[in-house]
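So the structure is just underneath, and the comments pick up after that.
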Amino acid sequence: MYIGRVSGTVVATIKDEAFRGRKLLLVDHLDLDEQPTGAYDICVDTVQAGVGDRVLVLDEGNGARQVLRLAEAPIRAVIVGIVDELDKQ
Amino acid sequence: MYIGRVSGTVVATIKDEAFRGRKLLLVDHLDLDEQPTGAYDICVDTVQAGVGDRVLVLDEGNGARQVLRLAEAPIRAVIVGIVDELDKQ
Amino acid sequence: MYIGRVSGTVVATIKDEAFRGRKLLLVDHLDLDEQPTGAYDICVDTVQAGVGDRVLVLDEGNGARQVLRLAEAPIRAVIVGIVDELDKQ
Amino acid sequence: MYIGRVSGTVVATIKDEAFRGRKLLLVDHLDLDEQPTGAYDICVDTVQAGVGDRVLVLDEGNGARQVLRLAEAPIRAVIVGIVDELDKQ
Amino acid sequence: MYIGRVSGTVVATIKDEAFRGRKLLLVDHLDLDEQPTGAYDICVDTVQAGVGDRVLVLDEGNGARQVLRLAEAPIRAVIVGIVDELDKQ
(Lines give C-alpha, C1' and ligand atoms only; values in the text may rest on other atoms or scores of the structure.)
Protein backbone atom coordinates (compact mmCIF):
# COMPACT_ATOMS: atom_id res chain seq x y z
CA MET A 1 0.00 0.00 0.00
CA TYR A 2 1.06 3.56 -0.51
CA ILE A 3 0.07 7.04 0.59
CA GLY A 4 -1.69 9.08 -2.08
CA ARG A 5 -3.51 12.35 -2.48
CA VAL A 6 -6.76 12.58 -4.38
CA SER A 7 -6.19 15.05 -7.20
CA GLY A 8 -9.24 14.73 -9.40
CA THR A 9 -12.04 12.66 -10.85
CA VAL A 10 -12.52 10.60 -13.99
CA VAL A 11 -15.72 10.12 -15.93
CA ALA A 12 -15.59 7.21 -18.35
CA THR A 13 -17.91 5.13 -20.48
CA ILE A 14 -17.44 1.61 -19.14
CA LYS A 15 -19.57 -1.36 -20.07
CA ASP A 16 -18.55 -3.66 -17.23
CA GLU A 17 -21.29 -3.87 -14.57
CA ALA A 18 -18.80 -3.87 -11.69
CA PHE A 19 -18.17 -0.15 -12.22
CA ARG A 20 -21.85 0.90 -12.10
CA GLY A 21 -22.27 3.62 -9.48
CA ARG A 22 -18.59 3.59 -8.50
CA LYS A 23 -16.67 6.83 -8.27
CA LEU A 24 -13.28 6.82 -9.99
CA LEU A 25 -10.67 9.09 -8.50
CA LEU A 26 -7.27 10.24 -9.71
CA VAL A 27 -4.76 9.61 -6.94
CA ASP A 28 -1.21 10.95 -6.98
CA HIS A 29 1.34 8.61 -5.45
CA LEU A 30 3.14 10.52 -2.67
CA ASP A 31 6.66 10.00 -1.40
CA LEU A 32 7.35 10.00 2.33
CA ASP A 33 7.79 13.78 2.32
CA GLU A 34 4.22 13.86 1.01
CA GLN A 35 5.30 15.19 -2.39
CA PRO A 36 3.87 13.70 -5.62
CA THR A 37 6.22 11.18 -7.26
CA GLY A 38 4.73 11.64 -10.71
CA ALA A 39 3.07 8.22 -10.55
CA TYR A 40 -0.69 7.88 -10.15
CA ASP A 41 -3.52 5.39 -10.17
CA ILE A 42 -7.15 5.60 -11.14
CA CYS A 43 -8.78 4.21 -8.01
CA VAL A 44 -12.20 3.08 -6.94
CA ASP A 45 -13.24 4.88 -3.77
CA THR A 46 -14.62 2.98 -0.77
CA VAL A 47 -14.38 5.65 1.92
CA GLN A 48 -16.02 8.79 0.46
CA ALA A 49 -12.66 10.45 -0.15
CA GLY A 50 -12.63 13.90 -1.73
CA VAL A 51 -10.14 15.94 -3.72
CA GLY A 52 -7.21 16.94 -1.51
CA ASP A 53 -7.60 14.03 0.93
CA ARG A 54 -4.54 12.03 1.89
CA VAL A 55 -5.47 8.39 1.40
CA LEU A 56 -4.20 4.86 1.78
CA VAL A 57 -4.23 3.00 -1.56
CA LEU A 58 -4.21 -0.76 -2.04
CA ASP A 59 -2.77 -1.55 -5.45
CA GLU A 60 -3.40 -5.27 -5.89
CA GLY A 61 -6.30 -6.82 -7.75
CA ASN A 62 -7.27 -9.73 -5.55
CA GLY A 63 -7.27 -7.57 -2.43
CA ALA A 64 -9.15 -4.80 -4.21
CA ARG A 65 -11.93 -7.18 -5.20
CA GLN A 66 -12.14 -8.37 -1.60
CA VAL A 67 -12.57 -4.82 -0.23
CA LEU A 68 -15.41 -4.33 -2.66
CA ARG A 69 -16.94 -7.73 -1.85
CA LEU A 70 -16.96 -8.51 -5.57
CA ALA A 71 -15.58 -11.84 -6.70
CA GLU A 72 -15.15 -10.71 -10.26
CA ALA A 73 -14.61 -6.98 -10.47
CA PRO A 74 -12.00 -5.89 -13.04
CA ILE A 75 -10.46 -3.51 -10.55
CA ARG A 76 -6.88 -3.16 -9.36
CA ALA A 77 -6.49 -0.10 -7.12
CA VAL A 78 -8.81 0.90 -4.30
CA ILE A 79 -8.76 3.66 -1.69
CA VAL A 80 -9.09 1.76 1.58
CA GLY A 81 -8.65 4.56 4.12
CA ILE A 82 -8.19 8.22 4.92
CA VAL A 83 -4.77 8.92 6.49
CA ASP A 84 -5.21 10.72 9.81
CA GLU A 85 -1.62 10.83 10.90
CA LEU A 86 1.70 10.05 9.29
CA ASP A 87 4.53 9.96 11.77
CA LYS A 88 7.89 9.66 10.01
CA GLN A 89 11.01 9.57 12.14
CA MET B 1 -5.74 1.46 -13.67
CA TYR B 2 -4.18 4.18 -15.73
CA ILE B 3 -5.14 6.61 -18.47
CA GLY B 4 -3.78 5.74 -21.89
CA ARG B 5 -4.08 6.84 -25.47
CA VAL B 6 -4.49 4.34 -28.28
CA SER B 7 -1.57 4.88 -30.63
CA GLY B 8 -1.70 1.97 -33.03
CA THR B 9 -2.53 -1.63 -33.76
CA VAL B 10 -0.65 -4.91 -33.65
CA VAL B 11 -1.09 -7.88 -35.93
CA ALA B 12 0.46 -11.06 -34.59
CA THR B 13 0.45 -14.78 -35.24
CA ILE B 14 -0.83 -16.25 -32.01
CA LYS B 15 -1.81 -19.86 -31.50
CA ASP B 16 -3.78 -19.46 -28.29
CA GLU B 17 -7.54 -19.63 -28.92
CA ALA B 18 -8.31 -16.87 -26.43
CA PHE B 19 -6.98 -14.27 -28.87
CA ARG B 20 -9.13 -15.38 -31.83
CA GLY B 21 -11.02 -12.37 -33.16
CA ARG B 22 -9.62 -10.01 -30.53
CA LYS B 23 -8.19 -6.67 -31.59
CA LEU B 24 -4.80 -5.84 -30.06
CA LEU B 25 -4.08 -2.17 -29.57
CA LEU B 26 -0.93 -0.26 -28.71
CA VAL B 27 -1.71 2.01 -25.79
CA ASP B 28 0.65 4.74 -24.56
CA HIS B 29 0.62 5.22 -20.81
CA LEU B 30 -0.23 8.89 -20.14
CA ASP B 31 0.79 11.00 -17.18
CA LEU B 32 -1.73 13.28 -15.50
CA ASP B 33 -0.91 16.10 -17.93
CA GLU B 34 -1.99 13.63 -20.63
CA GLN B 35 1.50 13.35 -22.04
CA PRO B 36 3.00 9.92 -22.94
CA THR B 37 5.32 8.57 -20.25
CA GLY B 38 7.22 6.33 -22.65
CA ALA B 39 5.61 3.21 -21.18
CA TYR B 40 3.01 1.25 -23.12
CA ASP B 41 0.96 -1.93 -23.10
CA ILE B 42 -0.41 -4.13 -25.81
CA CYS B 43 -4.05 -4.30 -24.77
CA VAL B 44 -7.10 -6.28 -25.72
CA ASP B 45 -9.97 -3.94 -26.58
CA THR B 46 -13.44 -4.41 -25.07
CA VAL B 47 -15.03 -1.06 -25.94
CA GLN B 48 -14.40 -0.51 -29.66
CA ALA B 49 -11.67 2.04 -28.98
CA GLY B 50 -9.91 3.62 -31.95
CA VAL B 51 -6.54 5.25 -32.54
CA GLY B 52 -6.39 8.58 -30.70
CA ASP B 53 -8.97 7.65 -28.05
CA ARG B 54 -8.18 8.34 -24.42
CA VAL B 55 -8.89 5.12 -22.56
CA LEU B 56 -8.95 3.53 -19.13
CA VAL B 57 -6.60 0.54 -18.95
CA LEU B 58 -6.76 -2.28 -16.43
CA ASP B 59 -3.31 -3.84 -16.11
CA GLU B 60 -3.91 -6.94 -14.00
CA GLY B 61 -4.40 -10.46 -15.29
CA ASN B 62 -7.14 -11.81 -13.08
CA GLY B 63 -9.29 -8.72 -13.58
CA ALA B 64 -8.59 -8.70 -17.31
CA ARG B 65 -9.82 -12.28 -17.66
CA GLN B 66 -12.97 -11.33 -15.74
CA VAL B 67 -13.78 -8.41 -18.07
CA LEU B 68 -13.49 -10.79 -20.99
CA ARG B 69 -15.55 -13.48 -19.24
CA LEU B 70 -12.74 -15.94 -19.94
CA ALA B 71 -11.50 -18.09 -17.08
CA GLU B 72 -8.28 -18.95 -18.81
CA ALA B 73 -7.23 -16.23 -21.22
CA PRO B 74 -3.50 -15.48 -21.26
CA ILE B 75 -4.20 -11.78 -21.16
CA ARG B 76 -2.94 -9.07 -18.82
CA ALA B 77 -4.02 -5.63 -20.01
CA VAL B 78 -7.47 -4.68 -21.19
CA ILE B 79 -9.10 -1.41 -22.26
CA VAL B 80 -12.15 -1.19 -20.01
CA GLY B 81 -13.49 2.25 -20.89
CA ILE B 82 -13.32 5.41 -22.94
CA VAL B 83 -12.41 8.46 -20.82
CA ASP B 84 -15.03 11.18 -21.25
CA GLU B 85 -13.73 13.67 -18.75
CA LEU B 86 -10.59 14.00 -16.69
CA ASP B 87 -10.88 16.68 -14.05
CA LYS B 88 -7.54 17.29 -12.36
CA GLN B 89 -7.35 19.96 -9.66
CA MET C 1 11.11 -9.93 -0.73
CA TYR C 2 13.27 -6.96 0.11
CA ILE C 3 15.13 -5.50 3.05
CA GLY C 4 13.49 -2.45 4.61
CA ARG C 5 13.85 -0.19 7.58
CA VAL C 6 10.84 0.84 9.64
CA SER C 7 10.72 4.63 9.52
CA GLY C 8 7.38 5.54 11.03
CA THR C 9 3.75 4.74 11.69
CA VAL C 10 0.48 5.50 9.95
CA VAL C 11 -2.88 6.10 11.58
CA ALA C 12 -5.79 5.84 9.17
CA THR C 13 -9.55 5.59 9.21
CA ILE C 14 -10.26 2.30 7.48
CA LYS C 15 -13.62 0.61 7.31
CA ASP C 16 -12.47 -2.84 6.27
CA GLU C 17 -12.56 -5.29 9.19
CA ALA C 18 -9.31 -6.97 8.21
CA PHE C 19 -7.33 -3.95 9.45
CA ARG C 20 -8.93 -3.87 12.91
CA GLY C 21 -6.17 -3.91 15.54
CA ARG C 22 -3.38 -4.12 12.94
CA LYS C 23 -0.43 -1.78 13.18
CA LEU C 24 0.53 -0.06 9.92
CA LEU C 25 4.19 0.82 9.53
CA LEU C 26 6.07 2.96 7.06
CA VAL C 27 8.94 0.93 5.68
CA ASP C 28 11.73 2.39 3.56
CA HIS C 29 12.98 0.06 0.85
CA LEU C 30 16.76 -0.35 1.35
CA ASP C 31 19.38 -1.10 -1.26
CA LEU C 32 22.09 -3.64 -0.56
CA ASP C 33 24.29 -0.98 1.03
CA GLU C 34 21.39 -0.51 3.45
CA GLN C 35 20.61 2.97 2.15
CA PRO C 36 17.01 4.05 1.43
CA THR C 37 16.12 3.84 -2.27
CA GLY C 38 13.34 6.39 -2.01
CA ALA C 39 10.67 3.70 -2.43
CA TYR C 40 8.50 2.63 0.49
CA ASP C 41 5.52 0.51 1.44
CA ILE C 42 2.87 0.82 4.08
CA CYS C 43 3.12 -2.61 5.69
CA VAL C 44 1.15 -4.64 8.17
CA ASP C 45 3.41 -5.82 10.98
CA THR C 46 3.46 -9.47 12.08
CA VAL C 47 6.64 -9.52 14.19
CA GLN C 48 6.36 -6.56 16.59
CA ALA C 49 8.85 -4.50 14.60
CA GLY C 50 9.66 -1.00 15.84
CA VAL C 51 10.95 2.18 14.26
CA GLY C 52 14.59 1.70 13.21
CA ASP C 53 14.36 -2.08 12.82
CA ARG C 54 15.76 -3.68 9.70
CA VAL C 55 13.03 -5.96 8.38
CA LEU C 56 12.20 -8.48 5.68
CA VAL C 57 9.18 -7.38 3.64
CA LEU C 58 6.97 -9.60 1.53
CA ASP C 59 5.33 -7.48 -1.15
CA GLU C 60 2.77 -9.82 -2.73
CA GLY C 61 -0.91 -9.98 -1.86
CA ASN C 62 -1.62 -13.70 -1.88
CA GLY C 63 1.41 -14.45 0.28
CA ALA C 64 0.61 -11.55 2.60
CA ARG C 65 -2.88 -12.89 3.23
CA GLN C 66 -1.40 -16.30 3.99
CA VAL C 67 1.01 -14.90 6.60
CA LEU C 68 -1.93 -13.25 8.30
CA ARG C 69 -4.09 -16.38 8.02
CA LEU C 70 -6.80 -14.27 6.40
CA ALA C 71 -8.37 -15.55 3.21
CA GLU C 72 -9.75 -12.17 2.25
CA ALA C 73 -7.63 -9.40 3.69
CA PRO C 74 -7.09 -6.42 1.35
CA ILE C 75 -3.42 -6.35 2.21
CA ARG C 76 -0.36 -6.43 -0.04
CA ALA C 77 2.81 -5.86 1.98
CA VAL C 78 3.68 -7.53 5.24
CA ILE C 79 6.73 -7.49 7.50
CA VAL C 80 7.57 -11.17 7.88
CA GLY C 81 10.83 -11.01 9.83
CA ILE C 82 13.48 -9.01 11.62
CA VAL C 83 16.85 -9.14 9.82
CA ASP C 84 19.55 -10.34 12.22
CA GLU C 85 22.43 -10.52 9.81
CA LEU C 86 23.02 -9.41 6.25
CA ASP C 87 26.20 -10.84 4.81
CA LYS C 88 26.98 -9.31 1.43
CA GLN C 89 30.12 -10.41 -0.37
CA MET D 1 1.82 -7.56 -22.86
CA TYR D 2 4.78 -5.95 -24.52
CA ILE D 3 6.72 -6.19 -27.75
CA GLY D 4 10.09 -7.86 -27.45
CA ARG D 5 12.92 -9.10 -29.61
CA VAL D 6 14.52 -12.49 -29.04
CA SER D 7 18.20 -11.83 -28.42
CA GLY D 8 19.57 -15.14 -27.21
CA THR D 9 19.13 -18.41 -25.40
CA VAL D 10 19.68 -19.63 -21.86
CA VAL D 11 20.79 -23.07 -20.79
CA ALA D 12 20.19 -23.76 -17.11
CA THR D 13 20.15 -26.66 -14.68
CA ILE D 14 16.60 -26.65 -13.35
CA LYS D 15 15.11 -29.38 -11.22
CA ASP D 16 11.46 -28.46 -11.63
CA GLU D 17 9.68 -30.82 -14.03
CA ALA D 18 7.66 -28.05 -15.65
CA PHE D 19 10.76 -26.83 -17.50
CA ARG D 20 11.65 -30.22 -19.02
CA GLY D 21 12.01 -29.81 -22.77
CA ARG D 22 11.13 -26.13 -22.72
CA LYS D 23 13.32 -23.64 -24.57
CA LEU D 24 14.25 -20.56 -22.57
CA LEU D 25 14.84 -17.40 -24.58
CA LEU D 26 16.31 -14.04 -23.70
CA VAL D 27 13.89 -11.37 -24.83
CA ASP D 28 14.72 -7.65 -24.91
CA HIS D 29 11.82 -5.41 -24.01
CA LEU D 30 11.31 -2.97 -26.93
CA ASP D 31 9.89 0.53 -26.80
CA LEU D 32 7.40 1.67 -29.43
CA ASP D 33 10.21 2.77 -31.73
CA GLU D 34 11.33 -0.87 -31.55
CA GLN D 35 14.50 0.00 -29.66
CA PRO D 36 15.61 -2.05 -26.60
CA THR D 37 14.67 -0.40 -23.30
CA GLY D 38 17.37 -2.21 -21.35
CA ALA D 39 14.79 -4.41 -19.61
CA TYR D 40 14.47 -8.09 -20.48
CA ASP D 41 12.76 -11.31 -19.48
CA ILE D 42 13.76 -14.93 -19.66
CA CYS D 43 10.73 -16.38 -21.44
CA VAL D 44 9.37 -19.78 -22.23
CA ASP D 45 8.69 -20.09 -25.95
CA THR D 46 5.36 -21.40 -27.26
CA VAL D 47 5.58 -20.37 -30.91
CA GLN D 48 8.96 -21.59 -32.14
CA ALA D 49 10.44 -18.10 -32.05
CA GLY D 50 14.07 -17.64 -33.08
CA VAL D 51 16.79 -15.11 -32.37
CA GLY D 52 15.91 -11.80 -34.04
CA ASP D 53 12.15 -12.38 -34.07
CA ARG D 54 9.85 -9.63 -32.87
CA VAL D 55 7.49 -11.24 -30.38
CA LEU D 56 4.51 -10.58 -28.14
CA VAL D 57 5.33 -11.36 -24.50
CA LEU D 58 2.84 -12.06 -21.75
CA ASP D 59 4.42 -11.21 -18.42
CA GLU D 60 1.95 -12.55 -15.86
CA GLY D 61 2.16 -15.87 -14.10
CA ASN D 62 -1.42 -17.07 -14.08
CA GLY D 63 -1.87 -16.31 -17.76
CA ALA D 64 1.49 -17.87 -18.61
CA ARG D 65 0.51 -21.12 -16.94
CA GLN D 66 -2.75 -21.10 -18.90
CA VAL D 67 -0.97 -20.71 -22.26
CA LEU D 68 1.16 -23.70 -21.38
CA ARG D 69 -1.85 -25.70 -20.14
CA LEU D 70 0.03 -26.31 -16.89
CA ALA D 71 -1.81 -25.67 -13.64
CA GLU D 72 1.36 -25.51 -11.61
CA ALA D 73 4.28 -24.36 -13.71
CA PRO D 74 6.64 -21.93 -11.97
CA ILE D 75 6.71 -19.72 -15.00
CA ARG D 76 6.01 -16.01 -15.36
CA ALA D 77 6.81 -14.81 -18.88
CA VAL D 78 5.82 -16.53 -22.08
CA ILE D 79 6.16 -15.68 -25.77
CA VAL D 80 2.59 -15.93 -27.05
CA GLY D 81 2.99 -14.70 -30.62
CA ILE D 82 5.18 -13.49 -33.45
CA VAL D 83 4.50 -9.85 -34.34
CA ASP D 84 3.68 -9.55 -38.05
CA GLU D 85 2.85 -5.90 -38.17
CA LEU D 86 3.14 -2.99 -35.79
CA ASP D 87 1.28 0.07 -36.98
CA LYS D 88 2.02 3.07 -34.79
CA GLN D 89 0.40 6.38 -35.67
CA MET E 1 12.26 -14.61 -14.84
CA TYR E 2 15.57 -12.85 -14.73
CA ILE E 3 19.25 -13.67 -14.45
CA GLY E 4 20.78 -12.94 -11.06
CA ARG E 5 23.99 -13.46 -9.17
CA VAL E 6 23.99 -14.66 -5.58
CA SER E 7 25.79 -12.00 -3.57
CA GLY E 8 25.19 -12.95 0.03
CA THR E 9 23.00 -14.47 2.70
CA VAL E 10 20.36 -13.19 5.09
CA VAL E 11 19.67 -14.44 8.58
CA ALA E 12 16.33 -13.32 9.94
CA THR E 13 13.96 -14.08 12.78
CA ILE E 14 10.79 -15.19 11.05
CA LYS E 15 7.80 -16.74 12.78
CA ASP E 16 6.08 -18.17 9.74
CA GLU E 17 6.55 -21.95 9.52
CA ALA E 18 7.04 -21.93 5.76
CA PHE E 19 10.54 -20.45 6.18
CA ARG E 20 11.76 -23.10 8.65
CA GLY E 21 14.99 -24.58 7.31
CA ARG E 22 14.97 -22.48 4.16
CA LYS E 23 18.09 -20.62 3.11
CA LEU E 24 17.54 -16.98 2.16
CA LEU E 25 19.94 -15.56 -0.40
CA LEU E 26 20.63 -12.05 -1.60
CA VAL E 27 20.46 -12.04 -5.36
CA ASP E 28 21.57 -9.12 -7.53
CA HIS E 29 19.47 -8.60 -10.61
CA LEU E 30 21.82 -8.69 -13.64
CA ASP E 31 21.37 -6.96 -16.97
CA LEU E 32 22.13 -8.80 -20.19
CA ASP E 33 25.80 -7.80 -20.00
CA GLU E 34 25.79 -9.63 -16.66
CA GLN E 35 26.31 -6.43 -14.70
CA PRO E 36 24.27 -5.70 -11.54
CA THR E 37 21.34 -3.34 -12.19
CA GLY E 38 21.14 -2.18 -8.59
CA ALA E 39 17.91 -4.11 -8.03
CA TYR E 40 17.86 -7.24 -5.89
CA ASP E 41 15.58 -9.81 -4.31
CA ILE E 42 15.79 -11.87 -1.19
CA CYS E 43 15.17 -15.34 -2.60
CA VAL E 44 14.48 -18.78 -1.29
CA ASP E 45 16.95 -21.27 -2.72
CA THR E 46 15.80 -24.55 -4.28
CA VAL E 47 18.96 -25.62 -6.09
CA GLN E 48 21.79 -25.35 -3.54
CA ALA E 49 23.11 -22.16 -5.10
CA GLY E 50 26.15 -20.52 -3.53
CA VAL E 51 27.60 -17.02 -3.42
CA GLY E 52 28.87 -16.06 -6.90
CA ASP E 53 26.56 -18.40 -8.80
CA ARG E 54 24.65 -17.08 -11.76
CA VAL E 55 21.04 -18.10 -11.24
CA LEU E 56 17.58 -18.02 -12.80
CA VAL E 57 15.09 -16.26 -10.53
CA LEU E 58 11.32 -16.60 -10.65
CA ASP E 59 9.77 -13.49 -9.18
CA GLU E 60 6.08 -14.33 -8.88
CA GLY E 61 4.31 -15.58 -5.79
CA ASN E 62 1.99 -18.23 -7.15
CA GLY E 63 4.74 -19.87 -9.19
CA ALA E 64 7.18 -19.64 -6.28
CA ARG E 65 4.80 -21.51 -4.01
CA GLN E 66 4.41 -24.17 -6.69
CA VAL E 67 8.17 -24.73 -6.99
CA LEU E 68 8.32 -25.24 -3.25
CA ARG E 69 5.25 -27.51 -3.26
CA LEU E 70 3.72 -25.29 -0.59
CA ALA E 71 0.15 -24.12 -1.10
CA GLU E 72 0.47 -21.33 1.40
CA ALA E 73 4.03 -20.12 1.68
CA PRO E 74 4.42 -16.34 1.99
CA ILE E 75 7.19 -16.37 -0.56
CA ARG E 76 7.60 -14.37 -3.77
CA ALA E 77 11.03 -14.95 -5.29
CA VAL E 78 12.71 -18.30 -5.74
CA ILE E 79 15.94 -19.45 -7.37
CA VAL E 80 14.79 -22.12 -9.81
CA GLY E 81 18.03 -22.91 -11.63
CA ILE E 82 21.74 -22.43 -12.09
CA VAL E 83 22.58 -20.74 -15.42
CA ASP E 84 25.06 -22.86 -17.35
CA GLU E 85 25.20 -20.85 -20.51
CA LEU E 86 23.92 -17.48 -21.61
CA ASP E 87 24.20 -16.95 -25.33
CA LYS E 88 23.38 -13.38 -26.28
CA GLN E 89 23.60 -12.38 -29.94
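For clarity, chains are labelled A, B, C, D and E in written order, and residue numbers in each chain start from 1.
The working rule: a contact is a pair of C-beta atoms (placed from the backbone, for glycine too) under 8 Å apart; a residue touches a chain by one contact, two chains touch by 3 or more.
Small disclaimer: the values here were computed from a predicted structure and weren't measured.
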{"item": "Self-contact between copies chain A and chain B, residue sets same or different by half", "value": "different"}
{"item": "Rounded Å distance between chain A and chain E, as computed from the means of their C-alpha atoms", "value": "32"}
{"item": "CA centroid of chain A to CA centroid of chain C, Å", "value": "20"}
{"item": "Shared-contact residues (touching 2 or more other chains) in chain A", "value": "61-62"}
{"item": "Category of the chain touch graph - line, ring, star, complete, other", "value": "ring"}
{"item": "Going from chain D towards chain E, every chain in order around the ring", "value": "D, E, C, A, B"}
{"item": "Chain E residues within the chain C interface of the complex", "value": "7-16, 19, 24, 26, 28, 38, 40-43, 51-52, 61-62, 65, 72-77"}
{"item": "Chain C-facing residues of chain A, complex", "value": "1-3, 31-32, 46-47, 56, 58-64, 66-67, 78, 80-89"}
